[in-house]
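Take a look at these structures.
The two complexes that follow have subunit A in common; it is paired with subunit B in the first and with subunit C in the second.
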Partner chain A sequence: MSSRYDRAITVFSPDGHLFQVEYAQEAVKKGSTAVGVRGNNIVVLGVEKKAVAKLQEDRTVRKIALLDDHVALAFAGLTADARILINRARVECQSHKLTVEDPVTLEYITRYIAQLKQKYTQSNGRRPFGLSALIIGFDYDGTPHLYQTDPSGTYHEWKANAIGRSAKPVREFLEKSYTDEVAGNQEECIKLALKALLEVVQSGAKNVELAVMRDKEPLKMLELEEVEKYIAEIEKEKEEEAEKKKQKK
Partner chain B sequence: MEFLIGIQGKDFVLVASDTSSARSILSMKQDTDKMHRMTDNLIMLVSGESGDTVQFAEFISKNIQLYKMRNGYDLSPSAAANFTRKNLADYLRSRTPYMVNLLMAGYDKNEGPSLYFMDYLASMNKCPFAAHGYGAFFSLAILDRYYTEDVTRARAVELLTMCVEEIKRRFIINLPAFRVRIVDKDGIHELPTIKPQVSVRSIASESL
Partner chain C sequence: MALADVCGLKTNQLKNSFLSDFGGSSTHLLDDALTSTTNFTVPYGIDPVESLKEFTNPKSDVKIHFDHGTTTLAFKFQHGVIVAVDSRATAGPSIESQTVKKVIEINPYLLGTMAGGAADCAYWERVLARQCRIYELRNKERISVAAASKLLANIVYNYKGMGLSMGTMICGWDKRGPGLYYVDSDGERMSNNIYSVGSGSVYAYGVLDSGYRYDLSVEEAIDLGRRSIYHATHRDAYSGGVVNLYHMKESGWEFISQTDVFDLHYQYKAEKEKK
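Let's turn to the complex of A and B:
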């Protein structure tokens, strides 16, 4: 009866801020880090794996979700909210294929998710989704993309980005280290994502989850041994760099 | 006028459909594909009201894909068949029923091969062999006589050819070509299209 007069939760403050949206962005900053790197023919997603309690079962994949054969999503923020968004996105991917007989483009599905998030910042009695998402994949014509959405409903395309706790130092690291040379080499892209994560995560293959996607291939979650192999390579490179610097002196 | 057939073997299901698409007296297309891929190991053959056939097949196919995305693994053939039957049954008593007859053939690593026969009244039967259309009258009799559970792939193709040649000989409508596929643990494979020629002596008169 009085629901018609329920005021929206997200209202403007006197100085033009939407506080609920900003508080949602704070919730994102509390979530575990996720990093995405786009190469010329590969896209990489890396997430920080939170340590599980002793009696808890370690579920392998939780933060990287497959939306369709060619699109994957990693998020930082409220897991329960993410579940809802991921489900809606999955339905939309199939619905799109049913109506137009083509798989979704990355931009389309990102726009859909962003529009959904925006709707919840302007709806009666609803709060915004407390998560940012990194969406990776390949369009049907083979071009790779990496998009980022945030609780306000905006989305942008990135070459490499990070979200969640410690997103800022990771992003700064990526800005320093991302070059066209890296983008052209698949192994370098994987190592860049891993290096970026290891900046802020306790070192160890057990604490990171890495997934790669290549054109027309399904999403591949890297096994523990493969991640350890890359970490060993990175350590070796770091040592060689340190040696070179010493010799220069 | 349309014909669908499925024959289940020990570790495969052989399916075939005719390739003509006709409206009234006009044959619009002679290379139609009436089989729709649901998953890597599941195929659906549809016949019936044109429009309804493709619509229903694609609707079921996308819902099966959605299940795979949500859960990380495919629906088993029996689950998919029951899901299909439920949809047919629900729509049957609505204002917009689907006028489709279909066969679903699949291979599951736990259940083995399976063939499901469904019709527009939403009945479903799991059968070792099944057929839809006028051609079924000719085919089922032949398969009753010669089918065995441990039929090999080569023998199954022979049986299929027998059925198809009988249809060529005795069915008043000309069905010139039949698309053939086989489903097994390695997926769905295309076999050569069968274009039956009328022979004077029927193969079915081989020694009993």
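Let's turn to the complex of A and C:
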């Protein structure tokens, strides 16, 4: 098993690009959309649910994974790669608890995942992970966080972000609609994530998966009925906006 | 290494570095400062546990015997942690030094005490200081006392059975308040409000337990610590010298005093006679 002298796959191009990493980012752009919103005391993750074949069992949770009681992750890109990362992150969360006697902070686990991704951009014979992740949760002191990692191994903190297919229009929508008022209201945050997702996804509660986390509470996957309720509210608000505009004319 | 190749030196034989922790295995002979401190190059084919059994087994023929004469104590109270130690080092019946520093300043907010093998305590607590600093730089916040003591306990557990002799108390102040952990070379790690370690600890415990309250004032606590060490030095032949006293506050540790036990003896005698 002489892996010492395998050719490195990720090497620099003449103009300074790491093409393998950029190709990995292309793979991410083909994955189904995921959106994350951070409020003042709530964090929301929404993912696009791909339509399942007739004979396939509709498993409710696939793209949102729990890393620890207080940390959840949604990804866009290669599902199989994500499984590996999620497993390693889960072990690291427990390892940290064992050696430091404290649950991980969001920044720590994001840094760990990002370092892992970076290692694979600089290793013999290995390709980068083809996924971007949105990591949400609450630190022990109650502050909420939303981080995003990408295949190059960088990570940033966001107030709201989207990854995957159609990430750009969704992010633009979020930039327009995210306000401090929204951040302060839990219901508004959930609706914002839903509205952002519905911009690019076929309308319908069946096509989205929404998860919500509050401080010191476990991750809650919203039931179909709840999602439908929010969609109905959103529709009503849209109609009211349209009515107002008509009246102004 | 090119020179090694030219000389025909087979470096894979020298690769048998023992117990590389935190850095991954080193394939160079004491090259990298990062890993050389935690690697011990052991002669090929030697099992440390077996060969060191002769030194740790009291019934063995080897007559090298490590003495653990000392008194150290630490206790938590409402205003932090008081750490008091003696300063005598003995080798058998001979007093080798009366001026040993048995409190190791790991960093401005963590203290460690020394009981057992002086070299073992000093060395591993310096390794701990290095790990604490790396933690601080990586995580942009101070390491907690629980985590620091756990790091030390995990390190020495790797050497369990190999003759390390270390009974230390890790004291500090972190987000959770004052912290006091007892860590020893058997792999024990415990937390409590009062600890005393060493041959004179039995005498110190007597005085400590009878005078201890969580709501002591700073002056009362300092006096209690000093008095407990004095009584231990009075009765235990292997403890003596001076009492070094530290106070661990929220802002870090402060060195309070160094008092000769002979002065304390006459001071307490005078107090008793006044009554």
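Note that in this section the second predicted complex is superposed on the first by the 245 of 249 C-alpha atoms of A that agree within 3 Å, B and C clash if a C-alpha of one lies under 4 Å from a C-alpha of the other, contacts with A are read in each partner's own complex, and residues count from 1 in each chain.
FYI, contacts are C-beta pairs under 8 Å (C-beta built on N, C-alpha and C of every residue); 3 or more make two chains touch, one makes a residue touch a chain.
Because the structure is a prediction, the values reported are computed rather than measured.
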Determine, under the contact definition given at the top, whether A:V11 touches first (subunit B), second (subunit C), both, or neither. neither
With both complexes superposed on chain A, which partner does A:L55 reach: first (subunit B), second (subunit C), both or neither? neither
Between subunit B and subunit C, which makes contact with more of the residues in subunit A? B
For A:D102, using the defined touch cut-off, is the partner it touches subunit B, subunit C, both, or neither? Pick first, second, both or neither. second
Mind listing the subunit A positions that touch subunit B in their complex? 66-68, 87, 90-91, 93-95, 97-98
Residue set of subunit B touching subunit A in the complex reads 58-59, 62-63, 65-66, 69-70, 72
Residue positions on subunit A within touch of subunit C in the complex are 99-102, 105, 108
Would you mind writing out the residues of subunit C in touch with subunit A in their complex? 139, 144, 146-147, 150-151, 154
